[in-house]
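By letter and in written order, the chains are A, B, C and D; residue numbering begins at 1 in each of them.
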Amino acid sequence: MKPYVTEYRVIYADCDPFDVMYYANYLTLFERGRTEFFRSLGLAYRDISDRGIYTPVSEAHCKYFKSVRYDDLLLIETSIGLLKKASIRVDHDIYKKEPRTLLARGYTVLAFVNRDVKIQPVPPDVVEKIRHLLDEDAAQRQ
Amino acid sequence: MKPYVTEYRVIYADCDPFDVMYYANYLTLFERGRTEFFRSLGLAYRDISDRGIYTPVSEAHCKYFKSVRYDDLLLIETSIGLLKKASIRVDHDIYKKEPRTLLARGYTVLAFVNRDVKIQPVPPDVVEKIRHLLDEDAAQRQ
Amino acid sequence: MKPYVTEYRVIYADCDPFDVMYYANYLTLFERGRTEFFRSLGLAYRDISDRGIYTPVSEAHCKYFKSVRYDDLLLIETSIGLLKKASIRVDHDIYKKEPRTLLARGYTVLAFVNRDVKIQPVPPDVVEKIRHLLDEDAAQRQ
Amino acid sequence: MKPYVTEYRVIYADCDPFDVMYYANYLTLFERGRTEFFRSLGLAYRDISDRGIYTPVSEAHCKYFKSVRYDDLLLIETSIGLLKKASIRVDHDIYKKEPRTLLARGYTVLAFVNRDVKIQPVPPDVVEKIRHLLDEDAAQRQ
């Protein structure tokens, strides 16, 4: 599917003594991209959590290819990797904007739970919106 | 008063591209020291918040004298600066352990509020424990 | 002077268990605003540090009026508070965008140093650009 | 092999609005454990980087089983997962101390590079110390 793109400018707070983004902070960028991606689908986290549905990350992975550096302007590209009964895998690519270069690639798995942290099926409206996205993409590729 | 001392070892996550602790992270050290100081008084934050009393920071200040560097072993020294009706000023000194060197000095002001974020007087048991500390200190100085 | 405005959307990474921005992270917002303010003057940090001039923060202060909350869209307003021989005080206001509400106000003092961390006068081109800003502002107020 | 154990107390700065540790901060705990593990082998990062050898993380992974909560006292357990020609996989387990409960498990892959970010073989003294550890462990299991 066509990823959702969020821009981000790297500041000193993000970097470590090697003048590159500290490795844990890529996961923070993943959150930033994920949040805007879901907002673009009309599924803002705040609205979902107001319905008593929470989406803790149950797994995270990142491969670091080239360093993100101070003051880099980044593109955070977010897409759905996998839609399962009670979880979603979100895929995350971090690009330098100019010249466009892939710097890191990872994924996060979101579980769906209720207030008592019991596993829930992905809500129907979320499933529908993601299916719609995936279908659009399949149609475009034909 | 004699400050409460907490040790802390600086990691890469704390530092910025100048190989020194990022300036906002000193306030995180202040929290670390404050937490252990209140725990030492039998006033763990968790217990206080379980009683419906919260202590948001209403003001923070820091002067940076010398850089905290990667892998430094620090002493976070915490003491009460001022006890007021509905707030406490906590004083924070950050020392390098060896050789003992003052690196930064600051304070945080804690307001006392209830669940509805309405200002509350400092609870009597907190006042008593802090007064006791201050009296002990005055007695020792005589 | 008319402040420089940078927008910022709050994510979970910025917040603490009270569902509000963690108090140290306001200083990170200050950096974000400061960086874009100086870039807007043609004085990007990267260019300044390439000339062997560094601007460590020697003092920071913040008053917290109302909580910054998750998913808030903020305006970070940055202006020059004071121009001295070897330092600049930068003023920082954090507003909620809608409805416009002042949430926090602070300042940071930037020292100017060379590679050996020796104090330097503020470079002439920086002085000139800041003076120009302050003069424009004085002219507009007449 | 027997893991190296580092204690850590969770503070508000580490947590998010769900009153649990923010998912990226587990990777910061991994760094904390890794640093103390290598120091225990006489291989402090600072000494290694002084020799012009750097160990950027090329891959990171974490599975989150149960939430790390505010004020939890944690055990960060660190061990060598895999020793390769030019990289090391370090394994990380995060336990709650009392009652001992596994909360998260992950790994990081450290590449070895020189100042020009060219891949280097793992230095002989590092190989030797890790082999020694692995042999000790094999001997104890017999």
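Definition applied: contacts are C-beta pairs under 8 Å (C-beta built on N, C-alpha and C of every residue); 3 or more make two chains touch, one makes a residue touch a chain.
Note that the structure is predicted; figures quoted are calculated from it, not measured.
*Asks:* Using the contact definition given at the top, which chains are in touch with both chain C and chain D?
*Replies:* Chains touching both chain C and chain D: A, B.
*Asks:* Farthest chain from chain A, going by the mean of C-alpha atoms per chain?
*Replies:* B
*Asks:* Quick check: more C-beta contact pairs in A-C or A-D?
*Replies:* Between the chain pairs A-C and A-D, A-D carries more contacts.
*Asks:* Would you mind pulling out the distance in Å between where the CA atoms of chain A average out and where those of chain B do?
*Replies:* Roughly 36 Å, centre to centre.
*Asks:* Hey, how far is the Cα centre of chain A from the one of chain D, in Å?
*Replies:* Whole-Å distance between the two chain centres: 25.
*Asks:* Roughly how many whole angstrom separate the Cα centroids of chain A and chain C?
*Replies:* 29
*Asks:* What positions in chain B touch 2 or more of the other chains?
*Replies:* As it turns out, chain B has residues touching two or more other chains at 12-13, 18, 24, 28, 31, 70.
*Asks:* Can you list the residues on chain C that touch chain A in the complex?
*Replies:* That would be residues 9, 11-13, 28, 31-32, 35-36, 44-46, 70-71 of chain C.
*Asks:* Across the complex, what residues on chain C touch chain D?
*Replies:* Touching chain D from chain C are residues 12-13, 15-19, 22, 24, 70.
*Asks:* Note which residues of chain A are touching chain D in the complex, please.
*Replies:* Touch residues, chain A against chain D: 18, 20, 23-28, 31, 54, 56-64, 67, 108, 117.
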